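Note that chain A is present in both complexes that follow, paired respectively with chain B and with chain C.
Moving on to the complex of A and B:
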C-alpha cells in the first residue's frame, strides 16, 4: 500500500488504467494470441490429434505449394473476393441510394432488405440448395421446365456452381451494407446538395462529385469488411455442398473449407495449420493494401 | 457427464467401504467410453447391468460424448491416465489408435486368433495383427438393396437378384416428363452416399477384380475389371435411356424416402429412419449377384478395445468385460435394441435372424462381405466422387479418370503409411 501512496497522480492513473485493461488483455492473450502462436507452431509440426507432435520443418509448406488442390482452392477464394465484393458493393449502393429517396413504405422496405442478414446462414443455404436442384424438386428448374426451357445445372457443374453459391451469400450480406450506406448518405450535409441545385448541376455530377467522394469512409469500411467476409466464406459453401464438400471437382471449395477438412476429417493438423497461416497472411495483406489504397491523401 | 461422475464417485465410495468390511470381495471399477447415440447407450446400459450381475466384484461406468468431440477427448484423456479402460472406436481408426499407443492388444489366451477367426464373420480379421487381435466388434453393418414395393408393383417387376434384373427393373420404374427430364429414378446413384463402397468392394470384385492388394496398401482397381465396374456404374446415368441421375433430389436416400426412386443401396443403419417414414412401403433384398452368381458386400463396424491405461486388476476386469460384450447374448441384445447386425454367425445365422425379412438380407450378406481398410475414409470417398465427376461433367474417358483416381488414392495411402 505504501508504494501506491508514494505514486504521483499520473502514475496512479496509469496503474488504474492497467487494472481495468488487465481483463481484456488477459482475454486476448488466452483466447487470441496463444492459439494464434500455437497454430503457427503446429504448422511446422506433424500431428494427427492422437499421437505426439513431431517436428516437420517446412514440410507442410512444401506440400502446400506443391498441392494442385491448394492452388485451385486459392483461386476459388479470390474469385469469391473479386466477384463478391464489387457486386455486393454496387448492388447495395444502388439499393441504398434509391431507398434513401423513397418515402413510401420506407421502413418496411428497409426491413425486407435487412431480413436476410438476420436469417441463419445454415437455413438460408439449405433453402437455396433446394431451389437449385434439378426437376422434380428444384424451384428454378421447375420454372424452366414448365416454360419448355432446358434445365440448368446450378450446383452440379464445375462452372455454374461457384456463382450459384456466391449469389445467396451476397444476398445475405446485402442488408447490412445497405444500412451502412444509408447512414453514410444521411451524414452528407444537405448544404452541398442545395449549392449544387442553385448552380444547376446535373444529377450525374452530383453523384460523381459530391455523393461518392463524401461516402469514401463508408466505402472503405464496406470494402474491407466484405473482403474479409468473402475471403473467409465457409457456411454457405459447406451447407450447400455437404455430401460433396466444396462442390464438384473442388469447384466451389474456399480455403477455410479446405482447412476444416484437412483438420477434422483427415486429422492432419500440421498441414491444416500451414493453410491457416497462409490464410492469415492473405487476409492481413489484402486488408493492409486496401487501407493504403483507399486512405485519404 | 456430471451425473455420471457423481454416480461413479458414489459407487466408488460404496464399493470401497464395502471392501473394508468384506476383504474377500475385491471390487474393481472400470470405465467404458462410447459416443452418444440413444439406442447404443440404452443397449450398453443393459449389457453393463447383465455383466455386473454376473460379476458382482466389477463395476462398469459408462461415459458418452457427442460424436464430434469423441476423438479429441479420447486422445487427451488416455495419455493423462484419466480415460476409459475399454473404449469404442470405428474400425477405420485402429491404425491411428495403435500408432498413438492408446490401445493394447487383446490377450492371446482369451481371444486367440484361431478362435476369433473361426467364430466371427471373416471381415473382422481386419482387426488382426500377427498373433493378436487389437479389437473386436459387438455388431456390424452391411449393405443391401432397398426397394419401393408400390413402384415395383406398379411397374410389374419382381425384386431383382442379379445385376441384369436390377437394370431391367430400374428401367421399368424410371419416369420422364415430356421434355425428357427424369422425374422418377429406377435406382438411386451417388458416390457421396454408400455407392463408393458398392463400387469398390462389390462391383469391382463382381467384374473379376480385386480392388486392393497388400492388405489395402496397394490400389489395384485400374484394371480391366475396374474399367468394367466403372462403365457399368456410370452407364446407369449416361446414355440415351438412363435409369438414374446423379444428384437426383439432392441425396439418394431422400429420393428413396420420398417414393421417387424404385431401388436404393444403403446400409443396415438406414432401417430405423425408413421405418419412421410415413406412407413408404419398402422391402429389402441382398445386393444383386452377377449372372454367374458372384456376390460381394461391404461391411463396416465399431469395435471395442482395451486401452493402455488398464493395468493389473483393471486389465483383468476389462478382459472379462470384453468377453461379455463379444458374447452371443450381447450380440442378440444389440440386434434387438439397436438394430445392428451380430458379428458372429452363431448369432446372425440362426433360423430366426437369417430369415428375418428386414435383417436377413444384411446378415446373409455378411458371409461374403469385405471390409476396406481405409487410411482416410472421407478422403478416399472424395476420390471416387471425383472419378465419376470427371466423366460426367468434363467428358473425360472412363479409362483416364480411373487411372487418375487410382494414382491419387495410391499417393494418399503411401503418405498415410509413411507417417504411421
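Moving on to the complex of A and C:
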C-alpha cells in the first residue's frame, strides 16, 4: 500500500489499467489467439483424436484441393453468398425505402418486418422444413395443390434444395437490414431533398443521385456483414437436411458443414483444420475485396 | 447524461413520427397496402408455427391459421416428457451468465482502452479487434481439444467459456465511453474515488443504453447459438434448446405438431422480450450497426 501511494498519478493509472486488463488479456490469449495458432498448426498434421499427432506437411491441403467434394462445397458456399447477399440487399432496401415514407402504423409495420430476426435459426429451419414437405404434410405444396398447380419438390431436388435452404436465412436477416437501412435513410440531411424538389428533379434521379450515394457507408456495412453470414451458413443447412446432411448429392452442403462432418463425424482433425484455414482465408479475401471495391467507387 | 441525451436524440428521429402530415393519396395507400401484405407474409412462418403447436394431430394438415379446437395438449406432452424443460433451463442459465460476463468485462476493457493512458494500450486494442476476423468455426476444433483435455466437455462451463468476452462488445463499449467527458472522471478522482468506483458509479450509468443493447445482443446470440453447443455437449441433459430441438426433430416418427411446439418453446421467449422492449431493441440495433 505504501509503495502504491508513492506512485505518481500516471503510474497509478498504469497499475489500474493492467489490473483491469489482466483477466481479459489472459482470456483473449488462451481462448482466441492460442486456438487460432493451434488450428493452423493442426492443419499441417495428421490426427484422428485418439492416436498421435504426426507431421503431415502440406498433405491436408493437397488432399483438400484434389477433393471433388471440396470444390462442390466451395461452389455451394459461393452460391449462398452470390444469391443471398444481393437478394437480401435489394429486398431490404426496397422495404426500408417505402417504410421510411410511410407514417400510418409505421411502428406496427416495422415490428412485422423485424420479428423474424428475433427467432432462433434452428427453430425456424424446422418450421420451413415442414413447409417444404410434399402433400399432405407441407404447407407450400398444400397451397399449390389447392390452386391446382403441380407439386414442387423442394428439399429433395438437387436444383431446388439450395435456394430452399437459403430462403429462411434471407428471411431471418431481412428485418435487421431494414432497420439499418432506415437509420441510414434518416441520417441523410433533408436539405438535399429540398434542394432537389426546388430543382424539380424526378424521384428516380433523387434515388440514384442523392439517396444511394449518401447511403454508401450503410450499404458497405450491410454487404460485408451479410456476406460473412452467408459464407458461414450452417444452422439452416444442418437442420433442414438432417438424415441426409448436405442435401441430395451434397447439393446444399456449405463449407462449415463439411468442416463439422470431417471433424466430428470422421474425426479427421488435421483435414478439418485445413478446411477451417481455407474458410478463414475466404472470409478475409471476400471482405477485403468488397471493402476495396466499394471504397473506390 | 450527455451520452444518454445524444443517443435519445438520434434514435428519436428514427423512432418518431414525422410531421406535418400530408393528406393521403392513392399512391400512398397502395404503398401502405403492399407493405402491410409483405409484413403479414414475413410473420406467417411464426404464425403457422404457433398455430400448429395449438392444433390436434388430425387438424395439422388443413391450411387454416386459426385452429378449430385449440389445445395446449402438445405443450403438456412436450413438457411432461421432461427434456424440453431441462433444455429450456440450460439455455436460460447459459445465456444469462454469458450476458452478465459480457456486460461486465466488455465494458471494463472498453473503458480501460478508452480512458487510461498506459504503455501497450494500442497493441491490446488492435489485438482484441483482430479477433473479430477469426471465424468461430476455425476455433471449434482447438476448443474441443482443450475441453477434452481439461474435462470441460458436456458441462455448462464448456458451453459458455468461448463467449465470456467478445471483441464486438468491447469495441462497442469503447465507442460509447468516448462520449463520456473526461472532466467527470477527473472530478470523481479529485473526490477520492478509486478507479474501480469511478468506472462503476460514474462511467457505467452514463452508457446504460449501450449496455442494454449489448446485453440484448449477447443474450439473443447465446440463446440461438448452435454449432458450439452441438459439438461440446453429448448427453441429452446438457443440450441447449437449439441442440435439443435439432435432435428431437431428427428422431424417427416425431409428429410435426410436436416439433412445432418445441420450435415455439424456443422462439416465444425472445419474441416476448422483443414485444416488450421493442423501441429499446430497435434503438440497440441501430447503435450497434452504426457504432459497432
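We adopt the following convention: the second predicted complex is superposed on the first by the 270 of 297 C-alpha atoms of A that agree within 3 Å, B and C clash if a C-alpha of one lies under 4 Å from a C-alpha of the other, contacts with A are read in each partner's own complex, and residues count from 1 in each chain.
By our rule, contacts are C-beta pairs under 8 Å (C-beta built on N, C-alpha and C of every residue); 3 or more make two chains touch, one makes a residue touch a chain.
All figures in this text were calculated on a predicted structure; none of them were measured in a lab.
By the document's definition of touching, of the two partners only chain C reaches A:171; chain B does not.
Using the contact criterion defined above for the overlaid structures, shared-chain residue A:136 touches chain B and also reaches chain C. Put chain B and chain C next to each other and count what each touches on chain A; the higher total goes to C.
Of the two partner chains, neither chain B nor chain C is touched by A:197. In the superposed pair of complexes, A:280 makes contact with chain C only, with no contact to chain B. Touch criterion met: A:244 reaches chain B, while chain C stays clear of it. In the superposed model, A:216 lies in contact with neither chain B nor chain C. Residues common to the contacts of chain A with chain B and with chain C across the two structures: 129-130, 133, 136-137, 243.
Touching chain C in their complex are the following residues of chain A: 10, 13-14, 16-18, 20-21, 23-25, 27-28, 31-36, 38-39, 42, 95, 98-99, 101-116, 118-124, 126-131, 133, 136-137, 139, 142-143, 146, 168, 171, 174-176, 179-180, 182-183, 186, 221, 232, 234-235, 238-239, 242-243, 256, 259-260, 263-264, 269, 272-273, 276-277, 279-280, 283-284, 287. For chain C in complex with chain A, the touching residues are 13-15, 17-18, 21, 24, 28, 31-32, 34-36, 38-40, 42-43, 45-46, 48-49, 52, 61, 63, 105, 108-109, 111-112, 116-119, 121, 124, 127-128, 131, 133-135, 137-146, 161-162, 164-165, 170, 195-196, 199, 220, 223-224, 226-227, 231, 241-243, 245-246, 249-250, 256, 259-260, 262-264, 266-267, 270-271, 273-275, 278, 281-282, 285-286, 289-290. Contacts from chain B toward chain A in the complex involve residues 71-72, 74-75, 96-97, 99-102, 177, 179, 181-184, 190, 192-193, 245-251, 260, 376, 378-379, 382, 385-386, 389-390, 393-394, 419. Of all residues in chain A, those touching chain B in their complex are 46, 48-52, 129-130, 133-137, 141, 145, 148, 150-151, 155-158, 243-244, 248-249, 261, 265-267.
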